[in-house]
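Take a look at the following structure, please.
Labels run A, B and C following the written order; every chain starts at residue 1.
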């Protein structure tokens, strides 16, 4: 039965805290029920994978430095609505802990433990002048669009 | 021929007025052409399903109350852009009526009449401290991610 | 082998500069690897297809004129985050050129050359009181939801 289940590929484009939580919730739920899951991080989504969790001037050019600083790391993900200058994600995390719902770092760890393949987008890294070494160890590979499309041939693509 | 058509599962994550309209338009269009359609409402999307159409202090904890109040109900859905403090959705509704396009309450009713399965996300209800009774009658069930993934095995997943 | 590859249908709902770039990058990448690709533009996404690249009072009614003016054309697409009053898309374009990544007009041209079918949503045109003639020549057809769903029977639907 398990071989008939569709693979799931989630494109994490938006770096919104709430959407990233939704992505990891779907991903871990799918992996826990024997589905092959790939997460492809691109653009704002790359912030989730930065080693540096806060704001840092990464990249060579001035523009790349500024964008990377403003985008920040996984501790700077904004809420897609009602962000209130960045305070809401912590409040939301409080509400999640209260109800024993896994938080973002726990979900990343769980995703890795469940064998979810975490990929980073080559082109987005290139534009933002980031190196493989700027990303966390859990990243399995840096790939292009063609690789990610091939990985999703037998399943769903969910763009978040 | 109809049995070969793919099922459609729409994840209504964003509670934006325009995206919810798009979700219902795709859902009713798909159901009207003999497709099995499931709509899974989570996070901001839950606002569409609240019985109380305006703002109300739902939930037990202070944080849940504040979030629920600020998120409001189906009459408080913002436009994803050019919202102008909430006036735009009414203007948009005016433009839709002028051209005989179905409005949101009409689309919800149509969805129900067409046999579209409306599901609410268990975890999101839990975090926001909402009860089944806080939601409209049209909600068929409160389910987890695994149930929604199983429902989409033979079809598309569209994340809105 | 090519006939087993899934078709890709991308619904370009959001008119955000960054999301549209992602849509065209996926579309051209898929078409270049022998996939049949359809792009269905609706709502804010229609701005990408307007002949007039800047702001213009299109439509008959006052409301339609105002919305069309505010939404603008393909030169007015905002960034989904860090837009800074519209300056960011040009900065982003600068960063893309620096790294030899194709810009939006180049991607539209490439999409057309690769045989990607560009469709405009009938209902959205109707609501915004736009005519076929207000759109660029590359638009293959103006269609409804049913047509777009039929086009995606053998593939993925990606909502951007």
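Here, contacts are C-beta pairs under 8 Å (C-beta built on N, C-alpha and C of every residue); 3 or more make two chains touch, one makes a residue touch a chain.
The shown structure was predicted, so the numbers you read here are calculated from the model rather than taken from an experiment.
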Residue-number overlap at the chain B/chain C interface, same or different (half cut): different
Inter-copy rotation, chain A to chain C, in degrees (Cα atoms; steps of 5): 120
Geometric centre distance via CA averages, chain C-chain B, whole Å: 25
Junction residues of chain B, two or more chains touched: 156, 159
Footprint of chain A on chain B - complex, ascending: 11, 13-15, 42-44, 61, 63-64, 67, 70-71, 78, 123, 126-128, 144-146, 149-150, 152-153, 156-157, 159
Footprint of chain A on chain C - complex, ascending: 4-6, 8, 18-19, 22, 25-26, 29-30, 32-33, 35, 80-82, 91-92, 94-96, 98-99, 101, 156, 158-160
